[in-house]
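Naming follows writing order (A, B and C), and every chain is counted from residue 1.
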């Protein structure tokens, strides 16, 4: 019994550490990407901790709501953030075997992300401004293509690993018994495309612009201010961190501490995790600096290609495992 | 000393090098005839070589008759070409390119017929494609360019599929072959019975569609009428007389390998389906053509379809009929193109509507063309009558229902051809252009081909028929 | 060899990457982007050939790889870029079938290739089978590109990428004889195609090939 208790305690500690790490890291990651992009473009750029400073400043301010804003405008930021935090709690960072691991189902994560997106779209439409509406409709159009990609990727992992539980999948990938698979390669490319779209990055959306005709994400939260804006921004940072952590955990699973491992393994896992995130952030910054934003009408094509790629990966796997 | 079959291949290529250096029309044309004549003699000499492989070539009962036929058609075509080329008004670059490409094409054709190695066969057909594209495009009018482009693209696609089929074939037999035998047809055929049946099937489908493109079988046939309508008219004669046969023989080689395995799907249905589709589509298309050369291009599709159908029916009798049909078609179709070439020059139009009353304006040409069109329509007593009768006879026994469809296509095509025959050769004569030369160099090949087709139709030489019977037995 | 072994996995992954680039080719709208994607595909093909040469211990494949790299990744893209710039060809690919629709068709063709090749080659080693399936997909996608693009350069690139698929198939079959010779012969064909495009542009200036425009030349527009 005591062994079981100790295990539970360890997994609880892992979970708490993980959540603290992710919550603390998220705005820093956003700041890092901004800073890197600025450096790549030859500017000095804001300090990587700037998003934290903005958040703390905004959190102290009272939100100003439109006259016709309903309860939705008030509740949406909290719902979105709660969903994002829960999703972030499920995606392992430096160690596996967290207390919530049994619930860390890829489909659940997809659902939570959808929920937070839904809240955001509602908030965008609530006040009835044109931009909010445009942003919301565009977001939902993109989501209709992006979500199935995640589900298809989950399908591919499920065929390979026999489960949609993220913790187990990562464990199996970590052993390396499956080797390199073409389907996994396709899934990786598809997920990268979706990650770019989900986090409103170039080329799908530009996180730094308020140009009316092109913005998607920013259009929805144009009305938000004060505390609410802080929550939205924090939620966006969390999503970015979550996606990068997900990609790192599934496709670069090495270095992660095994369930029940001690603090030394955690420290190693933490260092490796930070290195992976830094590498991904750098890759993202380079990618965003190198290419131009695409036209909004091109985005469904882009995401449709990602969807087809995921489909191809699934078909490939399905046929080749079915016949061998 | 090189083996004789190798000389057969390399001699035209050496001739091509010389011809590339000859800027003058008369000298080049004479040289071209000389090369073709020596090739013809070489082809006759090949009958003395014992059957079997010599490295990457082989001599057997299947390719010898076709080799003789190819070099014969090449010789007569080069005579025809010499007589009509002056009217094309080529500059010296085009004269070089045209004659060089002609001999390269012939060498590649001989190589395709002779090769034992399937890789070499593929390369030969590729070279033939390149050379014939060059000849089709030589006029450089927009129409010629588009026809050449279409030819290039479709055949590029087709031979790519054929290469994929070849790779599949090798991958099926890989474990059973030793290192040297490689892609040898003979070796593949020996081990085919122990290969994986499904892979062989798949390989055959690719080879059929791939080489079928070059043979002008539906659905990848659409380059053929365009290519036949452009370039100097001698090209149409060698395209129909040589290229289609070489591609069809490649299919037959593939069929012989795949057929050697007892458990493969019968390859017949594939061939019959493509063949029947070709016959039916062409027999309908023949009614709508207005361009004379395009019309006879479609007729080539029809005849390749008949041959493919015959090979699909299978068995010695049908296969023999199919082989005879290919031979007859080569002879008569090139004869038709000779006649049409002369008629086009005489009437100054390539449209069917622009050519009429040839018998009245030039009896030798008119009657020759009339007989040739009658022969291609399958009227007795020419070889094509005998072969079509043989095909139908064998098909009736094996596939009664399909042979009804085939007969329907044949009748439709025959009526279209007779209709055109009347319009071209009889009726009131359209005005003639004054032509230089008496046309003997055109009429001689035309009548010669007709005479050979008649001879083969009435009384096939025993040697020739024994070869074809052995070949039919070989392919099955 | 089977899954989980490096020689297999890497060969497989490179094959998959070549196929991925085929999809990228279908997806691009601008000619220069198509040419760049083709160059990348050529480089990947060279890598795949070199890797197979290493795995099979076949020195000849290194030559194939070197030729593929030199021609497909450097020379031909350079020539095509020059062609586009020099003759100021239209910059769009002018699809006859929408990008989205051709992507869907592409996935369908890839699935078709899998369904055709995998059952039919059940007797063979897994590596050869899946490699053949990937290669056939590349071949079919190249064909699709030839069919669905009106632009001259896109059609040429379709044919070229189709030929990449053939080489991928040829290097994947262990011990295939004449690979070098066949790939070189195929390359000659491709170079001739490009030379043909040059010649076309020198003489006439039609930039897109549409079957409809053929009808007028045929003189039987019905």
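To be clear about the criterion, a residue touches a chain if its C-beta (ideal position, glycine included) is under 8 Å from a C-beta of that chain, and two chains touch if they have at least 3 such contacts.
Computed from a predicted structure; not experimentally measured.
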Farthest chain from subunit B by C-alpha centroid distance is chain A
State the pair of chains with the top count of C-beta pairs in contact. B-C
Going by CA means, which chain is nearest the middle of everything shown? C
Report the inter-chain centroid distance for subunit A and subunit B in whole angstrom, where each centroid is the mean of the CA atoms. 64
Can you give the whole-Å distance between the Cα centres of subunit B and subunit C? 30
In whole angstrom, the CA-centroid distance of subunit A from subunit C equals 35
Could you check subunit C for residues that touch two or more other chains and list them? 119, 122
Please output the residues of subunit C touching subunit A within their complex, sorted ascending. 3-6, 8-10, 12-13, 15-17, 19-20, 23, 27, 99-100, 103-104, 106-107, 110-111, 114-115, 118-119, 122, 126, 130, 134
The residues of subunit B that touch subunit C in their complex are 117, 119-120, 122-123, 126, 129-130, 133, 137, 140, 142-143, 145-150, 152-153, 156-157, 160-161, 163-164, 167-168, 170-172, 174, 179, 182-183, 196, 198-199, 201-202, 226, 229, 288-291, 294, 351
Residue positions on subunit A within touch of subunit C in the complex are 176-182, 185-186, 189, 300-301, 304-305, 308-309, 311-312, 315-316, 319-320, 323-324
Using the touch definition up top, name the residues of subunit C that touch subunit B in the complex. 116-117, 119-124, 128, 132, 135-136, 139, 142-143, 146, 155, 159, 162-163, 165-166, 169-170, 173-178, 181-182, 185-186, 188-189, 192-193, 196, 200, 203-204, 206, 209, 213-214, 217-220, 222
